[in-house]
Structure formats: structure tokens, C-alpha cells
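Shared between the two complexes below is chain A, which has chain B as its partner in the first and chain C in the second.
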Partner chain A sequence: MLKKLPIAEMIALAVFMAIPFFMKDNYFLHLLILFLMWVVIGSSWNIFAGYTGQVSFGHAAFFGAGAYAAGLLAHHFGYSAWWGMALGGPAAVLIGLPFGIICFPLRGAYFTLASLALNLILMHVATIAENFTGGMQGIMIMPAFVSKIPYYYIALAMVVAILAVINLVVRSKFGYYFVSIREDQDAAESLGINSTLYKNISLGISVFFTGMAGSLYMNYMGFIDPSVVFSLSDYSIMAILVAIVGGVGTVYGPTVGAFIMVAVNEFFRSGFFGLLGFIGKRTGSPLVSKALDFVTHAHVLVFGILVIVVILYLPKGVVGDWEKIKRKVLRVRPTE
Partner chain B sequence: MSFFRVEKLVKTFGGLTAVNEVSFEVKEGEIFGLIGPNGAGKTTLFNMISGVYVPTSGKVIYKDQEIQGVKPYRICKMGVGRTFQVVKPLGRMSVRDNVIAASFARVNSMKEARDNASEILDFCGLTSVRGTLAKSLPIAGRKRLEIARAMATRPDLLLLDETAAGLNPTELLSAINLIHKIRKNGTTIIIIEHIMHVIMSISDRIHAINFGQTIAEGTPKDVAANQAVIEAYLGTDYA
Partner chain C sequence: MAIFFQTIVAGLLKGGLYALIGIGMTLIMGVMGIINLAHGQMMMLAMYITFILNQVGLDPYLSLFVAMPSLFIIGVLIQKYFLNPLIKVETILPQNMVLMTVGIGMAMTEIVRFVFKSDYKYVKTSYSSSTFFLGGISFNVPLVIAFFIAVLFTIIMFWFLNRTDLGRSIRATAQDKDAATLMGVNTGRITVITMGLGAALVAAAGTLLAPVYYIFPDIGSPFTTKAFIITILGGLGSTVGAIFGGVTLGMAESLGATYLGMQYEDIVGLVIFIMVLLFLPGGFKRLTKV
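Let's look at the complex of A and B:
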């Protein structure tokens, strides 16, 4: 069906498949798993917001729904958490579609606020329904694997799945319809596009993968509570930042965005990859340890600055404005 | 059987009656002009026909089916295309992609949609700008794109809402030619227009409204000579 083989993608996939064979460091694998998870979440958000134009401020609702679906199944019924993995996506869709049907008459910022409300409602429900969800104490399950490698491959499989879906969607009727709705809903309706139906399809795809990422998180981390998985800043807004930094409405934007965000986050959280801690220990200087303390908490500040810079100078994100970066930063002249 | 007619259409917005008991019939294959001063209710009529507004009362009958209150996307699929007075290009899509998106109203595969789109682009004279982003087209191009997009949905009845407004004389001439070409293609057209010599020269029949009410209907010559129409346009002093 595809006219030319996706060579670059296949090479990238081969590299990622090979990584665990020569890189056994757990810390590094952990970062890669986080990166892959964020590719899934960012790309999911991007289908719905970037292509269909429905900006969601509450994707943590679907992430949390997937995580809780997996956690509750294991916790209450003693099923292996792997069953929960299969359930995470459908559970998120089960929350997402009624939400879509109710809230799609709202447009623009009003819809965005509704998605924020959904996020907060689910967080409170998970907190209050203590008998069922464990409330603030959260849910703890035994991870199925000690090694990180199986999780790595599962996350990689999810990334391959969502990127394949996006690639297919944007080249089909669905992609044209999603973008038409984004550009002008009234014009789209006049061209025979059932905007409510196609918004629901877009939302369905988006939340299915977000929910799967949530159930992966449950299995991988082994512990969730409402303030973690329904977190506005850690998931709902991070999903938006990942897409904005990489490039909203581009196929591989969120992939690049996820890499940048995870790297920046870790760079600061670890005190420049342990460099500051090392210097602090060597010199014993109180100044350095104070700086370390500041730097490890500075990632939020850096995210803020990063987003401002991106919006000002690269409004289409790193991928969307790649030509601009090549011209201005790398000094590459456009080929005639 | 009648091809298309509206019966006693009424639309009120709060206390304001925008369209008041307007009835007319359009025969298959004709160009039917709709005129009236600003705010007469012409675009409101179009919005009721194309499903954007639900009429307060009255009927819209297309091919013996009542279509008032039917959703816009369904009306499009039934074969009624429209353009917007305030153009609505799908801005960050290329001209070609705009037309491809519209083509999916009739076909499902990407290949068929591409074929349909290139045929329509050729028909509407947009082939040379097919790669341009819709938002960077000049106004004449955007108006033409509106028509192309509506034509790509293969309508039997086409509603043109002021597609000639804002065009220079050369552009106007080619717009008129395009409308004639569409009619020759077998598409029935209802056209709203303010530029009198355009609407007088291309319409088979004209329906004039003012303050939401019918004031005249007939051939362009009759309507132009009609006392009520002259009053509506020039005021009672000149009538």
C-alpha cells in the first residue's frame, strides 16, 4: 500500500530494538522507557489537539483511567496486571466517548475547560471512592518483571503502534477530515463532514493510546495514587508541552518533544547528570550543594523558559520549524 | 414533482424576524437570483436551506423531500453544495487538499479523491495554485476555492453567496464564465449577488426580498422595472 518503504523509520526501529542488547544500565533504560511513554502520550494528544484542533487540558484523565483500570483489576480481582494492560485503552475510551458526546457542542476554549473539569472530577472521584480505589493511599501491585527490558519492549511496541496509526490516519480520509474540522468546523460541515462523529473518532484513538500508556505506567511503577496519575502539571500539561516543543500537528513532533522534555527534566533533576553532586563531594563546598539543591528543582522553571522560547521563535515546534532551524542555526542554505 | 422549493419560510432571532414567509420554486437547470439590500435576509435563507439554521416555521423541499432542520453535512450529501459569503478557506491546507477533503463527500479512497480533486481544480481554473496554502490566496482565489470545494461534493443544487463581491473587472468576468460553465455542467444554481449587472445578466429568474419579505419575482427585466424593488434599493425619493 505504501509507495515507498519508510526506510528512516525502519532504521530507527532497528536501533531501538537493539539498544537493550548492549545497554544494560537500568538507569538509562528507565529514561528510555519514560521517553517512549511520553512519545505515546504526546502523540495521542497531538492526534486530537494537533490534527483535529480540539485542545485538551485534561489528558491525565485518560492516563489515570488506564492506570486505574489496570491497577483495580489486579488489586480487586487478583488478575495479572497484564490483563489490565489490555483493559487500559478500552477503559479510557469508555470515559472519553461519553465525555465527547456531551462536550463536543462546546467549541474552542470552552471545550478545553470542559476537558480540564473532567480531569479534576476523575481525580476527586478516585480520591473519595476509598473503598474501591484505595483513596489517597493509592494502589500497589507487584511488578511482573524485575528486569526493565520487557517494559522497554512493551513501550516500544506502543510507540510503533501509535506512530503507524498516525501515519495511516494522516494519509487517509480521516486525516483530511480531522484537519478540516481544525481549520473551520462550519466549512467542514458544509462539505459533508459529520464533525461530531469525526471528533469522537479522533478522541477515541487519542484516549485509547493514552489509556494504554497509563496501564503501562501502573505495571511498570507498581504504585499509583490519584495525585500522581491524575496530576494536572505532570501529565495533562506535560502532554501539551511535549507536543508544542516538538511540533503540533506534525507526525514526529511529539517524538522529538518527548526526547527534549525527558532529557531536560533528567538533566536538571540529576544535577547535570550527577556532575554537581560529584563536585560537591570533592570540594565539600556548601555553595555547590546549595546550587545542587536549586538545580534539582529547577526543571519546572526550565520547562517554562523552554516553552516561551519555543513559542516565540519556533511556533511550529522543532519539527514544524525544522527548515527555519536549519537556515538560522545550522547555517544550511536552502537547496535550489 | 418539483426540483426545489421553499414554502413560507420564517426565521426569527429573538424579537427580530429575519425571514418572513418567503416562498419560491427553482426549476432544475436554471440560475435563480436572490437579491435584496443589506440585511434583507438572503444569507439567512441560505443558512436555512443548507441546514445551518433550523427554520422557525415553513418547509424546504428538495427532490420531494423535506430537508428543513436536517444537519448541514447530510444536506451536502443529499446534493446541495454551498459557498460562504465570508469565505472559509481551510487555511493551513493547500488548495488541492481543500478540494480533496471536499471530494471525500462522494468517494472513499484516496485515489478517487485525488482524481476528483484534480478534475475540479482544472474545471475551476485553480490548477496553477494547487500547492498554495489556502490562507495565502488573494480574495479572488479564495472565492474561487469556495466554488471549487462546493463543486467537489458534486452538488445538483449549488448555493452561491456573493461569490463576485470584491473582485476586479477581469476577475469578475472569469467568475461569470465559471458560473455559466457550472450551469452547463447540469448544476442548478441559486445565487445571491449585489452587483446588479452580474445578477441581471446571468439569472433566468430573480426573487427580490426586503426586510425578510418577498417584494418581487420574475425575469430580470421585470424585477428591474418593479416599483417596490427600486424603492428598496434607492429609497422612495427616487422611485
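Let's look at the complex of A and C:
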């Protein structure tokens, strides 16, 4: 089926497999796990929005559903939250598919708003149903591993799975159906494509992996509450950012986007990787500590500005507009 | 029974302000065809303007005359330099304008957070908590004043949209942009003015709410949610619909808060929103044809 072996991908995978052997630093591994988690979420948002054209502002709903599936299983039945890893995806699909069946007659902006509403509704429900979900107090479990390496490999496996699925889907007839729905739904339907069915398939794939990422988050962090996992700005919007910064409708766009977003986030949160704190300690200047305070809280502002800049100047994202970046920024002449 | 009437009155008063928020949103939606997800954040800016002026000693109702023009200018700048250039940008996702408003909203919230920190601020007035009674039902004075000013603005908007040249151009652009262009309407300018008007209207709502609400940077996003719920309830681009939508949402929220419990206040609006999307797509506009 594959025309040629995916050499570059295999080398990248080998590098990522090898990282924990020579990189034992927990902080660095934590960042890598976050990066891999965002690759999963961004890619799954991308398959639904970038390929099928259904912009969802509510992917946190599915992320949270996965996280709560794992958390509730541990909380109520005492099963290890690892079983939730198997349950997280199906639980998200269980919420996603009825939502899809009900809301797919809506188009464009209306669908976007409906997904936003779904997100908010689930957040309120998780807050109100205190007896079942623990309400605002959230759910706390003991993480199964102290070391971060198992989480790293699980996250890596999920990334491999979703990238493989996307590669397969995009090259199969499903991918073409998805793109045709994105480009012109009426034309696609007139050619006999059942748009509701294929949108649901796309949604199903998308929310399955988002739910898995959610249950991984539950296992890894050991604590969730409604305002964390159903957060609009931290997950729904962030998923969109990851995809659009990297490149909507490209296979590896969200991967690049996830790398950029996690790096930018950490760059600012840590005060330019601890540089400002270091200078502040050395010089003892109050100005630097003020700047540090400013910078550590600046990451959301930077995200906002990043959205504005990317949409204005790189509408196809870093991957989609790579040629443009090469030409304009790196001054490379296009090879004819 | 007194509780019921009290709830209705509270809902109605809140609904008047919601209508003001909704009219701005529905204008923008009708003319540009986009959801402005920075709407609540614009309101938040207006609240902070009111707060600053109040520190100087200006009455909140007088600061309407400052907050509305400033937000008008901000709206114009946003439309001119951030949203209109996007029309020419080629992209896969048609919703990139909506994403842009999200980015603008985030930037606004965070800039305000830098300047004022996340603390709760409040506008001090002598009448903030004063009430009067009418037949056993209490009326909060600032809310009543806000309600009547909101009604006044709504009437002015009606007159403006139906009787003036500019208003007619806005409605023409909302109905059919290409046809309006062919008739000699400068639609680019109309979009800019509409955004400014929408921002000014929501600024009025923010200033009117300032005496009764706490002010903090994150107050924007719940109101953005309310704004799009109202707009969908009323029907896109329909001013009458926005008023109905606003009052309905206000009523539903206060009924929900009284009879189901405070924590259900927000969820009621969202459930109504989904119901309307499914069973009455097009909102109240479909029923009234206005």
C-alpha cells in the first residue's frame, strides 16, 4: 500500500525512542510529554477541522470527557486509572457521536458555536454533579509511576498511532471525501457523498484520540477538576492554536505547531528559560525582578498576539506557508 | 407568588442590558457575517474605562460619553487593521476571522491584566446598592436606570437603522453585500462603522453594568457567551430578535437561578441555545419576520 518507505518518519521515531536513554532530566521529559500530548490533541483537531472543515471550539469537551472517564473509574470503582486509558477514547466518542448526529445539520459558524456550547455545558455539568464528579474539588489519584519515562513512551505511542491514522486516512478515499466536504458540502453531496456520515467518521477519529489524550493527562497529572480539563482557553483554543500555527490541513502541521506552542509557553513561563531569574539574582536589580514577573505571566498575551500574526501573515501555518517563509525570511530563491 | 414576580422583574431588568449587548453583536454578525468572540472583552474594556473615570470622580453615567466613543474608535481600528485585511487572505478555514477575534480578545484580556492585575475592582457610587419597592417587589436603582438607558439606546438604534441614510446602507450591506456595492454603498466603510457601533453599544452595556458588577479582566468571556446566545436566539442580523433574545435569556437565567439553584444560571442559557439551534434555526427572526 505504501509507495515508499517513510524513511524520515522512521528516523524521527528512532530519535524520539532514544531520547530517554541519554536524557534523564525530569523537567525536559515533562516538556516532551506535554509536546507529545499536544501533538495528539492538535492533530485530532486538525483532522476534523483542517481536513473536514468543521471548526470545533469545543475540543476540551472531549479531552475532559476522556480525563473524567479515567478519573471516575478510579474514583468510584477503585480500578487503576490505566483502565481509563482504554475507556477515555470510547467515552469521548460516546459524547462526540450523539453531538455530531444532532448538530451536523448546522453549518459553518453555527456548528462552531454549538461545539463551544457543548464544551461549556459539560463544564457546568461536571461542576454541578458534585456527588458523581467531585464538583469543583475535582478528582485526585495516585500516579502509577514516579518516573516520567513510561508516560513518555505511552504518549509517543499515541502520537505514532494518530500520525499513522492520519496518514492512512488522508491517502484513502475517506480523506478525499473529507476534503470534498470541506471545499464544498453541497457539491460533495450532489456527487453522492453522505456528508453527515463522513463528518461523523471524521469526528469519531478526532474525539477518540482527544479522549485518549485526556485520560493520559489524568494518569500523568493525577489531578483534574472541571475548570482545568474543560478549560476553553487552555484546551479548546490551544488546540486550535497548535493546528493553525503549524498549518491547518497538513499532516505534520500540528506537530510543528505543538513544538512551537510548548516552546513559547515554556520560554515565557520560565522567564526566558531562567535567564531573567539568573540576571536578577546576579545584579539584584528590582527592575529585572519586575520584568521577570511581567514575562512569566505573558504567555497568554503572546498566544493572542501569535494568533493575530499567524492569521494575518501565515494563513496556512508554518508548514503550509513554508515556501513563503523560505522566500521572505530566509531569502532563499525558489528552485524552479 | 412574590418570589415569582421578583424573579420576572430581575430577569427583565437584566434582559434590557443583554439586549444592548446583543444588538451590537447582531449588527456585526449581520453585516460581516462573523461572530465577534471579542465582544465581552470590549465590554470589559468599557468597564475599566468607567472604573478609571470613577477614580477621578466622574459619575458612571457620565462616563458613557467617554467609554462609548473610545470603544467606537477601538472597534474601528480592529475592523480596519485586523479584520478587513483578512478578506484578501486566502485560507483553508473560512472561520479565520472568528479566530482572529478570539486572538484579539485574548490580547485585550491579558493587557488589561497587566495594567490592573487580576484583583476585583468595583465602581463606588452612593446608589450602588440602593433599592426602592413597588408593590412588594424590590427594584435595584442602578439596574432600573440601566434598563431605561438601554431601552433608550435601542430606540435610537431603531431610528438610526430605519430612518437615516447610513443606517439604510448598513441594512443593505447586511442583506446583500454585492448588491449594496453595486448600488454605490462603500461596503468597506460600512463594515468599519458597524464594528465601531457594535463596540460602542456593548461599551454602553459595560458602563451601565459597572456600578452593580465586580470588574476583573476575565469578566469578558462569560459575556461573549451570553452575546452569541442572544444573537442565535434572536436570529442573525435582526435587531428586534436581539431584544427578544436578550429579554428571554435574562428571564430564563433568573428563573433558572430562582427555581433550580444558583449554579444552574449559566447552563439554562446554553441549553436554550442548543434547543433553538436545533428546533428553531434562524431564531425568533423566523417567527416575526423582522
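Just so it is clear, the second predicted complex is superposed on the first by the 336 of 336 C-alpha atoms of A that agree within 3 Å, B and C clash if a C-alpha of one lies under 4 Å from a C-alpha of the other, contacts with A are read in each partner's own complex, and residues count from 1 in each chain.
Simple rule for what comes next: contacts are C-beta pairs under 8 Å (C-beta built on N, C-alpha and C of every residue); 3 or more make two chains touch, one makes a residue touch a chain.
Because the structure is predicted, anything quoted here is derived from the model rather than measured.
A.B. asks: Kindly say whether there is room for both chain B and chain C on chain A in the superposition, answering fit or clash.
C.D. replies: fit
A.B. asks: With both structures fitted on chain A, tell me whether chain B or chain C touches more of chain A's residues.
C.D. replies: Larger number of chain A residues touched: C.
A.B. asks: With the two structures laid over each other on chain A, which partner does A:34 touch: chain B (first), chain C (second), both, or neither?
C.D. replies: After superposition on chain A, A:34 lies in contact with neither partner.
A.B. asks: A:128 in the overlay: touching chain B, chain C, both, or neither? Say first, second, both or neither.
C.D. replies: second
A.B. asks: With the two complexes superposed on chain A, say which partner A:113 touches: chain B (first), chain C (second), both, or neither.
C.D. replies: A:113 contacts chain C only, not chain B.
A.B. asks: Just chain B (first), just chain C (second), both, or neither: which does A:304 touch?
C.D. replies: In the superposed model, A:304 contacts chain C only, not chain B.
A.B. asks: With the two structures laid over each other on chain A, which partner does A:237 touch: chain B (first), chain C (second), both, or neither?
C.D. replies: In the superposed model, A:237 contacts chain C only, not chain B.
A.B. asks: Identify the partner contact of A:176: answer first if only chain B is touched, second if only chain C is, both if each is, neither if none is.
C.D. replies: Touch partner of A:176: chain B, not chain C.
A.B. asks: Per the contact definition in the header, classify A:207: touching chain B only (first), chain C only (second), both, or neither.
C.D. replies: neither
A.B. asks: Thinking of the overlay built on chain A, is A:315 touched by chain B (first), by chain C (second), by both, or by neither?
C.D. replies: The answer is second: A:315 touches chain C but not chain B.
A.B. asks: After the superposition, what is the least C-alpha distance between chain B and chain C in whole angstrom?
C.D. replies: 8
A.B. asks: Across the two complexes, what residues of chain A are contacted by chain B and by chain C?
C.D. replies: none
A.B. asks: Please name which positions on chain C make contact with chain A in the complex.
C.D. replies: 33-35, 82, 85-86, 89-96, 98-100, 102-111, 113-114, 221, 225, 228-229, 232, 263-264, 266-267, 270-271, 273-274, 277-278, 281
A.B. asks: Applying the document's contact rule, which stretches of chain A touch chain C when the two form their complex?
C.D. replies: 49-50, 53, 55, 102-103, 105-106, 108-110, 112-114, 116-118, 120-121, 124-125, 127-128, 182, 232-233, 237, 240, 244, 248-249, 294, 297-298, 300-301, 303-308, 311-312, 315-316, 320
A.B. asks: Considering only the defined contacts, which chain B positions touch chain A in the complex?
C.D. replies: 50, 52, 71-73, 76-77, 81-82, 84, 88-93, 97, 100-102, 104-105, 108, 110, 113, 149-150, 152-153
A.B. asks: Quick one: in the complex, what on chain A touches chain B?
C.D. replies: Residue list for chain A touching chain B: 171-173, 176-177, 179-180, 183-184, 186-195.
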